[in-house]
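Here the structure comes first, spelled out in structure tokens, and everything after it is commentary.
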């Protein structure tokens, strides 16, 4: 973990509200499912903003984010050559090293970007990776998964593209040795329940408001079957079986 | 007086810390000695910043400012094409219309820019205008006065350029029908005292911290021989004889 | 939705009122927009004896806020009654005369005279130092506040708003005391006592050492105070403190306020009053709010 | 200049202390910089009984500040004494154990046990709700605070800092009561009780409705409180509230503080502690300050 100023290499809108920010890596660690705290202001905002690693390249870090409020709006104003402060990498990501066989990645909305780095690392680790991507209407980042996935399934709520309905309709957990999921909590709960029913291990990536991002303030603690856990340090990725009471 | 968003046309450093900002005028009023409140941020700072009219052209407003704190630092970051909010023109400027004969303008430091528009208006009004410009070390804006001045006198504290010493050493108020001054209060007090001794009318431009800039909050009131006065509305230009007690 | 609201029998076309001391008597801002679009205007604080206000720096920027020590510079109640009120009346909006004071006699004299003036409501600012009790503000202790409010109530024939200081020892007790003494409504909060130091000069920025903090910085505290007061009193409340957006207005109304006042935001955005009124209409539609009763005090 | 300062016989290499609850037990920030560069570290608030803290949202950003409702999640005094203290001792800096509680017995039990631990000072946080008197915090009324401080004083063998809440009815009376009850030093302020509302959901952001406001927004109020307390008490004071820069540190020291604590700024800038210490050295030189005594309480 380091805190450093990094130069913005590009900051490109993918859709109206989704951007990809590429910044210098400066040798920082970066593992699938981890995140960075980002800051692109002086005193205007009090807290840094947590954004997952979308892709970690040799010299660059890629973040994909949706503009939802003041912080992400500030991020969207960044131009190549601007400076951004990065704190990371942070947290506990997906357990790539202990995987084997076949793994399904199930992402929804802005839960999709972190699965890109995850697919890459799983594939590099020799695991067959199937990807399930659920969108509301507009697709993004699908092509990023192509080099790193055996199969890619896509859904949109109204069927604008791909399957019409929820991505979980397409998932058969019993085909996999493990399922990793990231996205809206309702989706992850559903995935976790399906996996629990089939006794397939499942990991989920949680979101929570954060202050320090490094485990010091206990601002992001959540209750789990294994006691209070810090999303920023003990997570954001947790085994599903400690998370959702209905499956415990 | 209007409040409008204006496009930045240019924002050029003159020295390390002094910039000239040119922005669209949008038909706003602008008279010598008046000022605008500027804002180039959303919520980062609470108050707008008062800056004098350096030059008012047909389509543009020019402001010359020194970077001294957070607000002026934000101004310095503006680039052509950016948007700035302007409130103005504000306040009571120099009494150009009632002038005749010869007028001396005595400026010090960042009191110099507003005298540029003043020289221009006086000259247009048929008044012979002599300009006395006092600098610490580095000169700026001298050439801006050339089209609008009969004589230009320059001083620097250590004699790097022009006369060595204070600009007030060069002034002979008795040669003029009136003296307008703008700059550090010690300088203006000196000018006012010299004018009072010679019974030459003198006007000074005051600075005070401001909140509203339009006369509503009484945040900028100063005590004068003529009662409490709002620098933003009744001033910033006042007749010297109501200002400094030692000359009353 | 119809944004109007009624307080003490006075109809406000919307709940957005310009806060005392930040809006003069409305004249200057009326050069920028038609201030009749506001629900009301609370005048610059008036005192029985005209005042020149404080010397030295009077306003100072802080993080998301500002401090002021204007010191109630004003032409006095009499001048206002003779001239100012009629000028303000040109604006088609609720006129609130805000009055400060430093002893009960002056408050009473002012309230009597203002009762005869063409104003809609009187707002009694009890945050000022009480010269007769050693400079301790009326606004700190509930029993002292009760005394001044009761005295003013006895002579005041206009609806009486009492404006509370957030420096009160116990804001709820203070509110209850003012209500018991006859306040028709309450407004809160005034500025927080604060300090800034000029480290280069090694002295306070303000001549009086302390000055009043306002602006977005204080909003979360002000909102808490409005909420706890609204839970306890029956009279309507004007919520004040750092209101900058229509969203902020809804927060205060959900906390229990019937109307709000906007102060420092006028400086950050000279069109703030107009903007907030406009945005409020759109926001209520977006949030599916069909009447103030539906959300007032809903939390 | 030599930045060191001594409080209650404890030598601080500089007056910059990490504030309780924002810095854990120092471990995490030590991965970013050597936390031994700090004057001291005040631990996460400990309670006699381990606590899980509050449910729901715990931190929320506000204008130039933040609100928190962590709810004193901590492993309990015993676990700290058995493990945490030794881990913190690896850092070459003053160790302050911060302790909260909700009844006097727990405070006393905690203070007794902590007195046996390898810590330098005990900081008693009296802002927590007092379960035995209906949730009213110890930190509001001077007489209640006197009782708990006296009880802790009786068993505590470490230098005792009492940390005051800015919600106290009268911060000066509160400070005097704590001093009289045996506090060796005071620290102020803790967070301001505040409210935020989620207007879409029409409910408070925090489960407990109110939460604590901190950060730059509160600095001017905190500085005023530190100043008025320092004018009245004889014991040394740690100034706290929105400190973000070395300039802020000088403001608090000129207001009378002997040292300061930095909280929320650690979140805005994870290197804040280190940066402030470094800048402080340069700033003192620039301002021609040759000793803390020269400027402490100079206004």
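Side notes on the structure shown:
Which chain is which? They are A, B, C and D, in the order written, and residues in each are numbered from 1.
Criterion: a contact is a pair of C-beta atoms (placed from the backbone, for glycine too) under 8 Å apart; a residue touches a chain by one contact, two chains touch by 3 or more.
Predicted, not measured: the structure shown is a model, and the values here were computed from it.
The minimum number of touch steps linking chain B to chain D comes to 2. Chains that count as touching both chain C and chain D, per the definition above, do not exist in this structure. The distance from the centre of chain A to the centre of chain B, with each centre set as the mean of the Cα atoms, comes to 55 Å. Look at where the CA atoms of chain A average out and do the same for chain D: the two points lie 36 Å apart.
Each chain gets a centre from the mean of its Cα atoms; for chain A and chain C, those two points are 48 Å apart. Multi-chain contact residues of chain B, defined as those touching 2 or more other chains: 43.
The set of chain D residues that touch two or more partner chains comprises 62-65, 215-216.
In terms of which chains touch, the assembly is arranged as a closed ring, every chain touching its two neighbours and no others. Inter-chain contacts, as defined above, occur between A-B, A-D, B-C, C-D. Against chain C, in their complex, chain D makes its touches with residues 62-65, 67, 169-170, 192-197, 199-200, 202-204, 209-210, 213, 215-221, 223-224, 227, 242, 247, 250-251, 254-255, 287, 295, 298-299.
Contact residues on chain C toward chain B in their complex (touch as defined above): 21-24, 27-29, 31-32, 44, 52-53, 55, 57-62, 64-66, 68, 70, 73, 215-216, 244, 264, 266-268, 270-271. Residues of chain A touching chain B in their complex: 41-44. Of all residues in chain B, those touching chain C in their complex are 1-3, 37, 39, 43, 45-48, 87, 209-212, 214-221, 223, 227-228, 233.
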